[in-house]
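Beneath this line is the structure, given in structure tokens, with notes to follow.
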Amino acid sequence: MSSVTAEKGNGQVSVKKKSQLADVWKRLCRNKTALLGLVIVILLVLIGILSPIIFDYETQVIKTDYSSTLQPPSAAHPFGTDELGRDILIRTLYATSTSLSIGVVTVVVALAVGLVLGSAAGYFGGKVDMIIMRIMDIFLAIPGTLLAICIVASLGNSITNLVIAQAVSAIPKFARVVRGAVMTVRDSEYVEAARAIGAKDTTIIFHDVLPNSLAPIIVQTTLEVATVILSIAGLSFIGLGIPAPRPEWGAMLSASRSYIRDYSYMCMFPGLAIMITILSLNLLGDGLRDALDPRLR
Amino acid sequence: MSEDVKKDLTAEIKDLVIEFRTDYGVVQALNGLELEIERGKTLGLVGETGAGKTTTGLSLLRLIPNPPGVIVSGSIKLDGKDILSMSEKEMQDIRGKTVAMIFQDPMTSLDPVMTVEQQIAEVIKLHEEGGQAEALKRAREMLELVGIPGSRGGEYPHQFSGGMKQRVVIAMALACNPELLIADEPTTALDVTIQAQVLEMMKGLREKYNTSMLMITHDLGIVAEICDKVSVIYAGRVIEHGTLEDIFKNTRHPYTEGLFNSLPNLEDRQAELKPIKGLMPDPSNLPKGCAFCPRCDYAMEICKTQKPDRTYRNDTHYVECHLYNKDNIQEGKVKSR
Amino acid sequence: MIKFIIKRLVALIPVLLGVTLLVFFILDLAPGDPAKTILGEQARPEDIAALREEMGLNDPFIVRYGRYMFDLVQGDLGTSYKTRDPVGEEVWARLPNTITLALTSTVVAIVLALPLGIIAAIKQNTLFDGISMFISLLGISMPVFWMGLLLILFFSVKLGWFPVAGADQGIRSLVLPSVALGFMHMAAIARTTRSSMLETIRQDYIRTVRAKGLPERDIITDHALRNALIPTTTVIGLQIGQMLGGSVLTESVFAWPGIGRYMIQSIQGRDIPSVMGCIIVFAIGFALINLLVDLIYGFIDPRIKAQYK
Amino acid sequence: MKKRTLRVFATAMVLSLAASLFMGCSSGNNQGSPESTQAAGGSTETAAGGSGGSAASGKDTLIIVTANETPSVTTNMHNAVAGDYLNKMTHNCLFYMDENMAVQPDLVESYENPSDTEWVFKLKQGVKFHNGEEMKAADVKASLELCKESPDVSLYGTSTGTIEVIDDYTVKITTDGPQSGLLIDLCHHGNAIIPADLIESGHDFNKEPIGTGPYKLTAWNKGESLEFEAFSDYFKGEPPIKKVIWKIIPEGSSRTMALEAGEADLIVEVENNDISRLADNSKVTVFNEGSTSHNFMMINNEKAPFDNINFRRAIASAIDKNAIIQVALNGAGTVADSMVPDCFPGTTNEGAPTFDVEKAKAYFAESGLNAADCGFAIICSDDTKLRVGQVIQSCLKENLGIDVTLESMDLATYLDVTATGDYQAALGGYTSNSLLSYAQGVYHSASINASNKTRTNEPEIDALIEKIQATVDQAENEKIVTEFNLKINDLCPQVPLYMRNNVRAYNSGLAGFNLNAGGNTYYDWMSWN
């Protein structure tokens, strides 16, 4: 086998050198499932952006219509209507924007904090590392879902608090990944070189260390968006998530429980929406991992 | 010509073509390889990294990973029997018993979660009579034989140094008295002092058991020390073959010559080191003519378009190069134009 | 080994201290008066005041935390605001249910995942591989509560094979929650098993074993699997940890009377000592699982075992 | 080699072994006592009998499914409806409320009312507690006094004044001024009679709730179920149904399915959308009648625009209450217009605003307010309330042009802000067993900062409430109630929405099912056909 890889390696040498990004892109495109994930994610983002524009929140998304409650799927309502006569298709689509935006915002917040903490811990090491990571350990000692539940329960369920709760449970994960990545590049030659020419610590971290630790961080980010969306759905399902009447998949599923026997279609579409979203993000994340680090394949 | 002479061959490979079919294209690993290993003798297989040496070794065990490796054509015979037509079960009986292999990197060649004596006993139990206890006893004897106290048999590979691990691998390979031992760069990963010890040990063991051996290496020093015959392999094909004397004293192929020239000469340290220019050709895109042509100082027009035929200098020595024909083969190297 | 376990358990103490402080602080941020919540809409101010005094709610944060920790050190998880019973008892009564569910789901997950992952790896790029990896992908993408709803819809509502909720019908009650919770983790474990098997099968030592003439079956069981189990064990450990979080949702879907559901009820009732108790039990469970995983490592991997001495 | 293979799978083996160990442990814990093991067997039996359609003769277990687990079964330690249901099985009070909400003597043989403030109760003789002791006057005194000092229920201990033991079977209560609500308070589980010596010795009633009731608690599997066994020495005779199991199933449709499958015999909280489905089921009987639960939109009368009486009347007239009943209760309720529950003697709907868009507009014009300035937020603390809120939202927008926002809030915060008056409007309700306690709780100025969330502060109203309290004579009392009702309807301090129905669904094989408007069911009256 080693001979095969060696030969493969040789084969690649003759290929013209391309920028790293283009290379990653090429490898990603080669991976059909990852590409499928990417296409679905792009579609979902489009749905997320367009549905608040296309559908009027007041009249189409949350307006109740008692004359058409609990209608099974039909031409007028392809996914049927819910117990308040609202169109499930519109609500499912609209919820995409809620879930995706919260997912992305949360991950951005968690990433920002995690980057700072993780790179500080990884770069400086010693006491800084110990203190930061011990605190992170405390957060990691509580299963993420439970920590988020506690925070939302305490602060009340608003979108802001939801973001805070999810971010708090995600920060330690990012801090860990960043720390690990930073530590591997910290002692590499180009960082030593930067240090030798007298660059400041922050400059080194942000200009030399982090860009070279991107691969695991990007992968973690993609996968974490999926985790957060799943987690928000879970919180909403137990009534600690997005406050009604704003549509959210988990909350829609929770509402469908009472109608599961006679109106089982109600519990299908929001669930499918979650699954497709998570599936595509996972496919993309896996694909990115493989594309960014071909050794892992 | 040589067909007429009846040789006692342990292994014989004829016109072997092996391809690796990957996403990146089809790689021609072996390209009509021919090989003969005489009983009790040692054949050196010399070439650069990526020339197909390990593939050749693995093909004798029929262990080419498939996918992506595919044996396209050719034959591999052990003791005159074609192994390509054998069942998997028959092959399992051959592996470790008739043919054993020592791998390049002792660090990764041992299962990290099994004691070394168990790993040796495993092969003994598979191929010899007797139970677990007897196999373990034999395993410890084998360890002693390669210079490791039998009492350390209960330890795990991570508790051994690199040289000792390679001894374990050798003990494992020799445990069932194989007829053919394939040693794939057995000393490359080791320190120089350890290299000598291991080589010395292998030599001793080979003589003791009269084992045939295929010594895969890129180190001409090892070849000189241990081999009876030498095959020089380039891009999946033997381009020059002969006895030690044929190759060392009557070098014909420009590539073989290049290999010698890239060695430092102790007697004349002023002499210029002449590494072979360039790299191995992309095995997924081999030149139409002679594979060595792009790197050859003597390349002619014909080299670019046509594959060279085999030319014999004597019964034991042949070369594949357009520089030579029946008439000029005895004269030696054609001077550069 | 014992020394190692003790060392790990001692190292757990500061983490748990941190956990209690963190959770106590978070829960203290909660608006609303627990006394009011308990006494309800019709309560009179004097009753609320009396109850607040009785529950010690009027003391400053640090006093309450100190008192809580003082009791905790003595093994007392405090008194539930809602039932006025020791939280320890409440949690203890529900713990077996949660452990049962976690264990059966783990068993479901492992028993399904290992063969699936192994066969998928051996038969890489075949139809079997494709199908099992697709199922696994679905598994990690399906929210456990949706899975639960679908199982209820199909097996309870449509077919009537299993009860829709509760834990009072023995094994019959246990099947659907275990499958729902186990499926998700099965998926993650199967994926890891497959990839670590693939990774292992490509290792040099597997080639060595092949060269010995060992039959493929034995190569898989005696060598590849044992090595592949090392990363798989990590993931199994992580998954059991996540299962604790997932059990909250599963218990909620199936009305399973475990700690997860108790925690949700306690949160809704602002029953802070009970929530604290649940979190502490979860954190301890989480830590013990990690310890167990580390010990199993040692069992599988002699290189790690050496470090335990 | 085999040995090694074994070791490979050892991990899995250890895990499954551990699993079986723990499972063994858990079942041991769950079953706790031998009684409960039998009960579990009994439940399987009933399941078979129930699904067979014909109620099995020999059936002696009643399985009740409920959404909520009681926080406590100790009579003085909770004021939860879920706990009240259970206390009424294990305990008796001096009085009870019959199916028509009339007060009837329970542990009392007879009583006299020598003056407005003096009550002499003759106790029944030979009444046994579950521990075999006889219930005597000292137990009554100790129980009623315990109620006074327990924050959860002390509300029901205010009317009882001074309690004296005259002899073993005679108790005298001297009230603090005339108390018309005394007998009703004595029906509350907070005043249930428990043994004095156990109170004294600090007995854990939550473990072993000893009372005089028809059933004894045999097991409480936390989060799962409570099991009861008939008390053979019950003073009214051993109940026909020997075992009662309360199963906690929080999820509504799961409860319905359990009943349909025969896994349960009685649902306490019937999912609204399942009512019609259950009604169509021949094996199931649905009970669906009015209750005392009065639900309304509370408005903070201290804040503008709710300080304007015509504005209050305007919004009270602008809301389509029938739509709300459809949305919130799937029809299982009746429209409430009166400011108090109209199920008590003397109450009236007269003068209360009704849904009438024209009138609403007229009131609004009269208020002199501008719709644009009248926007407010309604706090909705659960899903049902949110749905109701959405109806109100669209009604006010459509009929009066007022913009209303909905504010989602958890229960604890909602209780907090509404009690302190830091809100504009909120959806809520009040359930009471008597008009007096309703009026005291919702409209008396003494309840401001507590349950008087509209912050009604009218001396005239306070005086009327006090008069109702002090008028012991029934006919006289009713007259004052009517006077009070008219006054409060005119004042319109809140926006009444609906009276929730009490809905139960049960196995048709069950005889003697009973339920009064206050939600009380007496299980010892029931039997299997």
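Chains: A, B, C and D, in written order; residue numbering restarts at 1 for each.
Here, contacts are C-beta pairs under 8 Å (C-beta built on N, C-alpha and C of every residue); 3 or more make two chains touch, one makes a residue touch a chain.
Every value quoted in this text rests on a predicted model; they were computed, and no experiment measured them.
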Contact-richer chain pair [C-D vs A-C]: C-D
Centre-most chain, if every chain is reduced to its averaged C-alpha atoms: C
Interchain centroid distance [CA atoms averaged], chain C/chain D, Å: 36
Geometric centre distance via CA averages, chain C-chain A, whole Å: 22
Averaged-CA centre spacing for the pair chain C and chain B, given as whole angstrom: 54
Junction residues of chain D, two or more chains touched: 1, 4, 251, 253, 257, 410, 413
In chain A, residues with contacts to at least two other chains: 1-2, 153, 156, 239, 257, 260-261
Sequence positions of chain B contacting 2 or more other chains: 58, 105, 114, 122
Residues on chain C engaged by chain B in the complex (per definition of touch): 125, 203-216, 222-223, 226-227, 230, 300-303, 306
In the complex, chain B residues that touch chain C: 58, 61, 63, 67, 88-89, 91-97, 100-101, 103, 105, 108-114, 122-123, 126-127, 156, 158, 169, 172
In the complex with chain C, residue positions of chain A that touch it: 1-2, 134-135, 137-139, 141-146, 149-151, 153-156, 226, 230, 233-234, 237-240, 250, 253, 256-257, 260-261, 264, 267, 270-271, 274-276, 278-279, 282-283
Residues of chain D that touch chain C when the two form their complex: 1, 4-5, 7-8, 10-12, 14-16, 18-19, 22-23, 25-27, 29-30, 40, 43-44, 69, 71-72, 74, 77, 79-80, 151-152, 154-155, 206, 221-225, 247-251, 253-254, 257-258, 261, 263, 410-413, 415-416, 419, 428-430, 432, 441, 447, 449-451
Complex interface listing, chain A residues touching chain D: 62-64, 66, 83-84, 153, 156-157, 239, 243-245, 255, 257-262
